[in-house]
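Here come two complexes built around chain A, the first alongside chain B, the second alongside chain C.
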Partner chain A sequence: MLNVLDSAVPVECWSCSVAHNESTLFCPHCSKIQPPPGGNYYSVFNLQPALNIDLAALETAFHRLSRKLHPDRFARATASEKEWSLADTALLNDAYRTLRDPLRRTEYLLKLHGAEIGEEHSGKDRRPHEMGASRAPADLLEEVFELNMQLEEMRAARSSGEDDPALARNLSEAKAKFEGLQAEVDHDLREQWTAWDNGGDAEKQAAQKAMVALLDRRRYLSNLVREVNETMGA
Partner chain B sequence: MAYSDKVVDHYNNPRNVGTLDKSAQEVGTGLVGAPECGDVMRLQIRVNPETQVIEEAKFKTFGCGSAIASSSLATEWIKGRTVEDALAIKNTDIVKELSLPPVKIHCSVLAEDAIRAAIGDWKKKNGVAETADTAVAAQ
Partner chain C sequence: MAEGRVVGIDLGTTNSLVAYMEGDKPVVIPGVDGSNLVPSVVALDPMPEGGTRPTVTVGNSARRALIETPERVIYSVKRLMGRGLSEVQSELKLFPFRLAEDVEEGEVPRIQLGELKFTPPEISAYVLRQLKRNAERFFGAPVKQAVITVPAYFNDAQRQATKDAGRMAGLEVLRLVNEPTAAALAYGLDRGKVGTIAVYDLGGGTFDISILKLRDGIFEVQSTNGDTHLGGDDIDNLLVAIALDEIQNEHGVNLRADAGAVQALRKAAIDAKIQLSTQPVARFDIELPNNDRYQREIPRAVFENLIAPILQRTAAPCKQAMLDAGVVPEDIDEVVLVGGSTRIPAVRQLVDDLFHLGARGKKPHIELNPDEVVALGAAVQADILAGSSAATEELLLLDVTPLSLGIEALGGTTAKIIQRNSTIPASATEHFTTGVDGQTNVAIHVVQGERELAADCRSLARFDLKGIPPMSAGLPRIEVKFLIDADGILHVSAREQRSGQAAQIEVKPTYGLTDEQVETMILESFDHAEEDFNKRLLIEARNEADTILAAVDRAPQSPVWHQLSGEEQSSIAAARDRLASVKLGDDTNSIRQATLALDHATRRFAELMMEAAVTTAIRGKTMDAAGEELSDEVTAPHPMAPAEFK
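After this line comes the complex of A and B, so read on.
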């Protein structure tokens, strides 16, 4: 994973020796393929690191670079170039998948800025009052507990071969509710994107804190919905 | 990652799993959760109004082995203690007893939170009656 925010380190092209930005996949001077670059996923696409991005432009760039990196184009190239075309393709795919997904993109950019997200900030020995933003959403606890009880009942019923339509209906309703909450979180995240992209240092910091909390909540909700799906599909 | 013998024991034979009547005056309920792993823990106590001793403690936890063991151990420890004594239990005591690895320390934090939440709920419910007594006891 590429994780350097400032990617302005110049390197020399192995073929023509002209210096170029290290994040480029092809030499701007002689067009030869380059070894897997440094920098970050944004710089691979020559995009400015931001949360609101032009997805159509990202897709176009991805397809263009994918074609240029296709192994068929390197059938008669050197062994190094063949190897790089594979490595660069893997990197390009990772970068595209990360930036295209709104949640993964948010996580990625916040991590580039040093934020600790998810499991990374969960295992530490913090006193309860210091856990602040990482506390479970209190407004949800009752419903989450109730949902878990229903899931347990459902699994027990399933394993003894019973079918409980009322229980299944309750679970579907609960799932719909949690999916609605996910949509709310996504909406709130998008609002913070704009604050982060356009704000100064203070606004960025506030938005970052808000987004870390929102991502926690989002992950929590996703896990619940996934559990319901697994139990109902079983 | 291997669980310690004590965690496995509590996981396989959890103590005090169950439910107390949430609406009863002498029952306090604590419900806490951790967003990172989706654990949710309910701990309930029944307190003797005369002596303030926790006579019964029940829990129900949805989560990993360490979370279940931490809450099971917590109910064992608070039973027979006074409310104020129970508040002295720290998550680090649970970590030591169960030999929890660093990544599972938040499970013990959750259990301590659950004790505090249950006692807090009981205190709130019994606010009028308890002030005089605990004011003396707290000094």
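After this line comes the complex of A and C, so read on.
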């Protein structure tokens, strides 16, 4: 599963020919930029896969690496160096975008460990989110049903130019409730992070399973909140 | 630095500028006429007798042709860059240009200009070439590399079209920089600050809002939003439309078909708009073809009511940008105003409201000229790319892509693969397979935008993955890599993983020129050759010499000539003779020096002329010299304008 992580295939630096580990962005010997390394988003930052990470340190590392890798630094370099700078910086940006966001980070780490997660499909068979889809968590069915009714009413009122303060109040309350539920999920996720980071194989397995379910719920809730925001005209 | 200078260019809807770093300070390079702004106006001179191609003029001289030969002039072409036929058609309803008659759906629309046809990038290339020449004249050396700014909200096609224009003008475009980001760079240069800033950029034709985080010289854009169809032009168009209606209703004159009259109205509308930024009231006074006068007084309050719906369109993008950046108005430490339209007091009020500035005792930044700040920032970025200066070695811009990138999925929906506001360069890898046994092609449609349906998004490109080895349906696994580069432009590559074969891709842009087309449109090749460059400098030096010689030859007829001492007169004569003889040779530098010497010798004479002219003007007499300049101005405001705008 994690074979990419510890890949230590030695390769030769294109510039000084000294052999180095495949996963470095720069040659340790001559400091020249290297083609995009193997490895994963964590190894870009020299981090071990974990869910609790130091975000301030991550940002500092992102800025430090950006200064060295960014295409702006290679505007007058050779064509290959330009190409590698572009590819390496794209990798760095993709990695930073994923790791700094708690949900994306969780999803990414779970995928690294082989978990099947909701939006894994390729573009071809992915469908847009639909309100009231069957994935609604069982304990929320009733509330989601009611919310959908209110959203329909709201849309109807909007399109006929009416103003319904009572309805708007109901929607705001519903939104607050779902945001509260989101916060609960976030809290539960954080507990599982620690369990995963510190646990042995068995704990990791259990935490992984719990997190897959929590992420599904979280995604469902944020879609609901987004829908309310859009309907209420933000 | 063998590669020469890198200049920064603001290719604007209304005006364009070129700037460079002089030491640690960005400076705008003026044109021959001493003006920093080159109006983004391109005109065709009349076809010469027996000639094959008329001369193209750019800038102030082209602007003068607007009223005399409107069918040979084009402006605001930035609004047409990277757009398809139907979009251009709807845009042209507001402008007096027409499409070439043989334009077909699917090709880059061409505009008919006199007897010739041009694509929007070609028109922009003429403006860029003028800026390039201004810079070359200023440095006395060729300029081959540039940074060009674009609205942050420009999509892939608009960016590509801008890059194409650069290439046609003989410039290697090292980077496209987003205009608001460039402005932030210009402001942030002299203060090593930390904080969150918002750049509100309302120009002639586009609106951008960007929110950036500054830290240790890194300018990290958090979010950007905007409208590539919103700007001062819209205000002008509104005023012109109202005036045309009123003229028709009250005077029974339909001026719509009279391009020259519409241009005169537009100029009056622009003047009124500008006046209203400092005056409580502006006036229209236009002479109509039937000798009636159209006279209107526009108080600022009426103007503000009229334009409120236009200005209000900037509010939603600002709110969305804050939401996307995860900030509230109170988190914004500073707001920078960019673009000529931010001189309008109502715009400043709106910005104050949007970002709760007054309530927090803050004011927006307007210290740098809003017309120049983008070019200055482009010069800073050019210096960063040249990599040779201590002033900018600590600076780095991290920009974002303004629009989500998606692919059309089953049922015509959009599957987003790179979210908007992702730091660029950014990439995404997607896997595709076949649906039918033995299928060797897979078609992919790439779109840009936020809408759920691909048809509602902007179509970027369609391409076929070809040469897939025949296999059972669903077995091939084609990996397609999408990469948005630091210019915000998309690149696609693909590989069939089971056979290890690189799938062949022909990316067909939905709107845009092919490489071959761009090649054929490159403006006169002499812009590239060193030898021809020197030849051109020589020609320009001779032209300048001729201009000053002609002026000096007329000098003795001037009434102030006799105020000069005999000594002064003979030193002018000596400098004149020297230049006249040097000019016959082909040493550019000697001609330049002799021109400067003559200029110097005539300085006191020029001052005397100027004093005399000012005295005459104050007495209310027409200045001979200024007569030509004044001819396309509208007449002076009438003191007794009868009515208000409805």
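What we mean here is this: the second predicted complex is superposed on the first by the 203 of 234 C-alpha atoms of A that agree within 3 Å, B and C clash if a C-alpha of one lies under 4 Å from a C-alpha of the other, contacts with A are read in each partner's own complex, and residues count from 1 in each chain.
The criterion applied here is as follows: contacts are C-beta pairs under 8 Å (C-beta built on N, C-alpha and C of every residue); 3 or more make two chains touch, one makes a residue touch a chain.
Model, not experiment: these values are computed from the prediction.
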### Message
Is A:Asp72 touching anything from chain B or chain C once the two structures are fitted on A? First, second, both or neither.
### Response
second
### Query
Which partner does A:Asn148 contact after superposing on A: first (chain B), second (chain C), both, neither?
first
### Query
Where does A:His187 make contact in the superposed view: on chain B (first), on chain C (second), on both, or on neither?
neither
### Task
State whether A:Asp94 touches chain B only (first), chain C only (second), both chains, or neither.
second
### Query
Touching A:Arg219 in the superposition: chain B (first), chain C (second), both, neither?
first
### Query
If you stack the two complexes on chain A, which partner ends up touching A:Leu86: first (chain B), second (chain C), both, or neither?
second
### Query
So, does A:His29 touch the first partner chain B, the second partner chain C, both, or neither?
neither
### Task
Under the contact definition given at the top, report the residues of chain A touching chain B in one complex and chain C in the other.
122-128
### Message
Which stretch or stretches of chain A touch chain C in the complex?
### Response
63, 66-67, 70-73, 75-76, 86-87, 89-91, 93-94, 96-97, 122-128, 234
### Query
Within the complex, which stretch of chain C touches chain A?
3, 174-175, 215-216, 218, 319-320, 323, 381, 384-387, 396-398, 406-407, 409-411, 413-415, 417, 422-428, 430-433, 452, 483-486
### Query
So in the complex, which bits of chain B are touching chain A?
31-38, 40, 42, 60, 62, 91-92, 95, 102-106, 109, 112-113, 116
### Query
Which residues of chain A touch chain B in the complex?
118-119, 121-128, 131, 134-137, 140-142, 144-145, 148-149, 152, 216-217, 219-220, 223-224, 227
